[in-house]
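The structures come next, written out as structure tokens.
Two complexes are shown next, each including chain A; its partner changes from chain B in the first to chain C in the second.
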Partner chain A sequence: MMVARVLRQDWVLLRSSPGLWIALLLLTGVTALAAAAGQARLGLHDAAVQSRIDTAEQTHVAVIQTLQRWEQAGDAAAAPAVASPGALGLSVLETPMALPGVPLAALAAASGRPQAVSVTAHADYRMESIGIIENAANLALGGFDVIFVIVFLMPIVIIALTFDLLSRERELGTLPLVIAQGVSLRDFVLARVLGRGVLVLLGMATAGLVAILAVGGPAALWPDGLVWLLIAGLYGAFWFALALFVNTLRLGSDQNGVILASCWLVLVVVIPALVSLLSATLYPAPSRVLLTTEIREAAAEAEERAADAREAFLFDHPELAGGAGAQEAYFRQVMETERDVAATIAPLLESFADQAHQRDALVNRLAVLSPALLADQALLSIAGMDEARARAWRDAVGEFHAAWSELFADRIRREVQVTSAEVEALPVFGFSEPVGRHLQLGPGLVLLIMSLALLITAVARLRRYPIT
Partner chain B sequence: MLQTQDLSKSYNGHEALKGLNLQVAPGEIYCLLGANGAGKTTTINLFLSFIEPSAGCALVDGIDVMTDPVAARHRLAYIPEQVMLYRQLSGLENLVYFNRLSGRDMAPEGYREVLRDCGLQADAVDRKLGTYSKGMRQKVGVAIAVAKQARALLLDEPTSGLDPKASNEFSQLLVRLREQGAAILMATHDLFHARQTATRIGIMCEGVLRRELVAHEVSHADLERIYLEHMN
Partner chain C sequence: MVLLVARKELAIVLSDGRIRTLGALLAVMLLMAIGAAVQRFGVISSERDMAQSLVAEQWEQQGEKNPHAAAHYGLYAFRPVGPLTFFDTGVSSHQGVSVWLEAHRRNFAEAPPAADLGSVARFGEMTGAFVLQTLLPLLAILLCYAAFAGERENGTLRQVLATGVRPLQLLSGKALGALGAVMVLLLPVVFLAVLALLFSESAISVLPRVVLLTLAYVVYAGVFVMLSLGVSARASSTQAALVMLVGFWAITSFVVPRIVADAASLLRPLPTLEEFRQGVEQDLQTARDGRSVDEVIRERRQQVLSLYGVASEDELPINFQGMVLALQEEISDVAYARQFSQLQARIHAQLALHDLATLLSPRMAVQRFSAELSETSLDAQQAFEAEAEAYRREFIALLNRDMTFSARGGQVDYRAGAELWSQVESFAYGGRDTSRVAAAAAPGAVLLLLWFAGTALFAALAVRRTDLALR
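For the complex of A and B:
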């Protein structure tokens, strides 16, 4: 009741504060801009992937038609090049695929990386990534998306609106007169936090809703959109609670501002950077240069072994040199060479994957040290751009690739020609979404506990706050 | 209406108020006279529960201010020595803001009338407070107290900074409020003003209420003499 009364009167003061409206306008404008930028970035990526998919489908249809014409003609001797499993699997057919789009992906387009590859019968280390050439400005300035606005910029606006929430009243001398009107200090302060909180979160929610509807349509609202807004709201609540707590330290407004700015620097920049540094130090990624060198050396050795084997084979069967079997022998050699290389570098790739997994696990464990990390990870997950989902997708792609390449490898080994029915029946990639992406109960709960702990401590401190 | 029982307050071992017992009935203006540091403002701050007593209690309409500070403050109006208001609002907007904060409201014309009664010029009512003199701010502060229609008023050097005319008008206003049944406790250095307005006068020195006088029973000269006796 009293909170509502103070809230109504505080609105009078807020209305006459141009700084508040400028800050809110900037925040909502930047949110809309970030959503539009994310949408454009994903649009470019999707267009690049779709173009590859269209080309692959056209090739697929053309191969089937060519094979059907040959099969109808019944001339076994006039087999088209695509009837060769080696030619078809290693040179002609490909299956481009992308991590399925999630409605809110555009809100995290820069924080996460869109995943897309093209699968062929070549070994997995030769799998080609599909993507756009990164904008030089993006590379230089880092990512700019709605997650960035929420995690980095929203706290700055909240701090600007709340650093002098109580201290300014005390400095101006208005606090005694306010409290003398029969308002408890607790209700007065909570109402002011609530008023500013509602304005900031309403502004962000409106911009967020518009962005969500724009990038994902109405279907994106439930559950993704609402959980997204809830996590963003809890993160904002943490900063309001922190500002309230700092205001109860009985310091001047300038000191409050310095403390809150330092908190922002530590929680949003320093701790995430230290966590990243720690994870990279404890679980360093194997050297990319080493990987490239190993691939090159393994390929050279495998090719040498294959050449020796081929020479020995031709020494025993000189009648086959340059004959019809030469092409199939070449494909077999390519395949075996790649398999040798893949087997050689597999431990290194596994080490890459293992270290990356360990790094992610450590970052997840240490995320409780920074509400910014918690919010960032939760929002990234809801947008479907988190590493866990990408890893699950890469695993599914790996399984699909194994089945796809084995199909061709088997025919290459047996030198069996491919039929149109077999091409029509080639496996299709499918991906099952990891369960629980939307929930984000853990980060949400930790943010809630942090905010409540600060709020309760601040309210307890208000009892001893000097009015005069 | 306003009562203290053995009210004491210490700051870091220094006793600012020592066992104060006083009572202000409805329809009474009680002036606390004393030098700086005598304990006048401490007494008012204790009634407002801005500070906690070290011992004893302060009661407003029978309510212990520490037990239920909000209820006690609802029955009080307060005018500080320096009335500090929101500079971005006009005098009228400040009055509306504080009055609604206390849970009361009235028609816009009513607010203008209160400001007029408190001596604020009509052309200043809608001007931003940043352009006000100290005296004008003080008048808005008085208007806030009057609009609250509280049964008890706490005034801490309310005429400080007012010109003689405004000070006289303020005295007349206090008398009107007293006649309407308000209990008024006023801390002041101004002997003349106290003698002119008060029904009773208390002289405080070093946290102790040294003497109580009935205002109409002493002349101004006697009051000055008694006051100086206690100050020396």
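For the complex of A and C:
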């Protein structure tokens, strides 16, 4: 009853505060802008990949038609260039593919790294990345998406609305008057927090809901959308609880402001950057420079072994030597050289993957040090932009590449021409989504525990809070 | 009078626990970042030097082969790192560190370090520049937000003004005191950084840049000192001043740069890799006055045959295939130069938006200046890639000349050996000359000074109000 009265009274005060409405409008407007920017960013990437896919499909169809015409003509001597498994696999056919988007991907478009490659019969270390060319200056500044708004900006608005929740009343001398009305300090404070919390979280939830519907449609609401809103809500609740706790420290409003701003700095900026530094220091990626020289060394050795075959004609210019046999020998040598190189550098590539996995695991463990990191990792997973999903996709691409390249390798080795039926029956890439994208129980629970711990401590401290 | 006020302010702020805590945090983080930078500089610098020598060694020991096979084997150019690279990684984490230099094509730089950093790296790399760019403003705000508003609330501002001190003198004194405090906190770290640099011979040459960087960050702190003093003079309360300043800091340091990055990439998008490749293909097809490469080669063949008065390539005293390769190289050089310059133009169109946004974010101004002096800017990368490309053209031309003049006409089994390979000098990046660095860094410096002048003017106008002590 008393809480309702305080809420009503507080609402009257809040309603006439332009700062609140400006902050709320800014937050919701920025959320909408971030969702639109994320959608546009993903659109650019998808269009780039789709254009490559379209070109590859047209090539695929043209190859089948060429082979069919040749097969129908029945002239074995007039084989088209694409009947050569080497020419077809190493120079003509490709399968471009991208990590499929999930409904809420646009909300994390700037946080995750788009994954798109083109698979050919060349060895995996020669797999080409596709997509848009990025300006390093933009990447260095970081991206703007809904995750950023939630993790970075929402706490600032919450701090601005709550840093003087209690201290200001004490400074103005109005706190004893309020208590004299028969309202307990606990009810008074909780009602004020509740009022502001409902306003901010409702505003964010509405903006989030609109963003979710806009980028993913109604299908995105369950379960992705709901879990997303829940994690964002719990993260917001943490900041409200922290602000309440700081207000019970019996300091002045400006001191509360400084402490909360410092908390924001430490939890949102410093700890994540330190975790990044620590994970990169403890599990550094092997040197790409070393990888480059190793590939080169391995290629040189493999080429030396195949020197006799190569020196019969100019490297990479089989047409200068003439003769289909020489050309097939050339393709075989390219393939074998690449396989030798791939086998040599496989342990190094594996250590790249291992270190990345270890770094990722460490970041997940250390995320409990910062609610910002915790919320960020959870939201990133819901949006399907996390490292674990990208790793699962890369593994699937690796398996697909192995199957695809082996088909060509077998024919290149045996110098058997390719038929239209075989091209039609080439494998198609498929990716089965890892389960548990929305099972963000761990981060959700930790955020809840942190918020409750702060809230309970704050309420306990209120009992000893001086009214005057 | 100004110095008196400054001394008093300095004494007050240095006795403030919050300032000491934040100052200590800043110093510890700076030391950690600089320590990590020194260690990474040592490791990565020697690694790249070693890789460059290894590539040169592999090149020399590649055995006998056709020069064009060697041209396809190619060379690598590794971008050397400077002593300040890890103080401010600038955009270098997102740029490739090596370029494969081979026949017929200009490749993009490969292996940007950010690709191996994981998703958490987007929160920011803990470098010295990151710490200074994000924490210095907060320190300045804490030093000054209550400078006028606090004294006004306590009633001491009226007393101070009654002593005859003019508002501008008061402002200057408070600004000097705050900047003095910043220097007290910053200089020991700068001194340690310089000490660390002195251990490396190559690093001594960057000492003038360290001085300029220190000045730039002091000016950057000065921007926030003046802004905070101005806001403090005009705000209705210390709380209002604090909220405004922290909001300004968070928005201009963290939000504006990200919005700008997204706006630039969406409003002025770069081509896709596919479009870039197609552009090159198109240019290669219509290389010379709309004629195809094959037509150009046919015409050149006729010219050469008639010049030597022979009927076939086999009768030529030179190897025509070598000439064809040189011709193909000329054509592809033009095609790649055109596509790369178009790409650069589009990147610069995006950077123009960044420059515009620098007027909204002092952090972006200091970022630009700092990255230029640390050799981690886009311009520094472009200079490296341009030098690598010039080197590529030179050594490919040398190989093609050898094939043309050393092989017989029509000979396809010609081989060259160590003598030719040794004529290709190892790639050694000379770096940008001082005038280029100065030209690239000047806009950042000017924008930063504009910010300082603007905020100083704002503060001066704010304290000249007649109701300074009364609001």
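In this section, the second predicted complex is superposed on the first by the 448 of 468 C-alpha atoms of A that agree within 3 Å, B and C clash if a C-alpha of one lies under 4 Å from a C-alpha of the other, contacts with A are read in each partner's own complex, and residues count from 1 in each chain.
What we mean here is this: a contact is a pair of C-beta atoms (placed from the backbone, for glycine too) under 8 Å apart; a residue touches a chain by one contact, two chains touch by 3 or more.
Note that this is a predicted model, so its numbers are computed, not measured.
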item: Per-residue contact with chain A, leading partner among chain C and chain B; value: C
item: Partner chain in contact with A:183 - chain B first, chain C second, else both or neither; value: first
item: Which of chain B and chain C A:356 touches, first, second, both or neither; value: second
item: First (chain B), second (chain C), both or neither touched by A:194; value: neither
item: First, second, both or neither for A:269, with chain B first and chain C second; value: second
item: Which of chain B and chain C A:261 touches, first, second, both or neither; value: second
item: Interfacial residue positions of chain C with respect to chain A in the complex; value: 18, 22, 25, 29, 32-33, 36, 47-48, 51, 54-55, 58, 62-63, 65-66, 68-69, 72-73, 76, 78, 90-95, 97-98, 110-126, 130, 134-135, 138, 142, 145-146, 238-239, 242-243, 246-247, 250, 254-255, 257-266, 269-276, 321, 343, 347, 350-351, 354, 364, 378, 381, 412-413, 415
item: Complex interface listing, chain A residues touching chain B; value: 2, 5-6, 8-9, 12-13, 16-17, 172-174, 176-184, 466-468
item: Chain A residues touching chain C - in the complex, by the definition given at the top; value: 30, 33, 37, 40-41, 44, 47-48, 51-52, 55, 110-113, 129-144, 148, 152-153, 156, 160, 163-164, 168, 253-255, 257-258, 261-262, 264-265, 268-270, 272-277, 279-281, 285, 287-293, 296-297, 299-300, 303-304, 307, 310-317, 320-321, 352, 355-356, 359-360, 363, 373, 376-377, 380, 385-387
item: Touching residues on chain B, where the partner in the complex is chain A; value: 45, 48, 50-51, 69-71, 73-74, 76-78, 80, 82-86, 88-89, 93, 96-98, 100-103, 141, 144, 148, 154
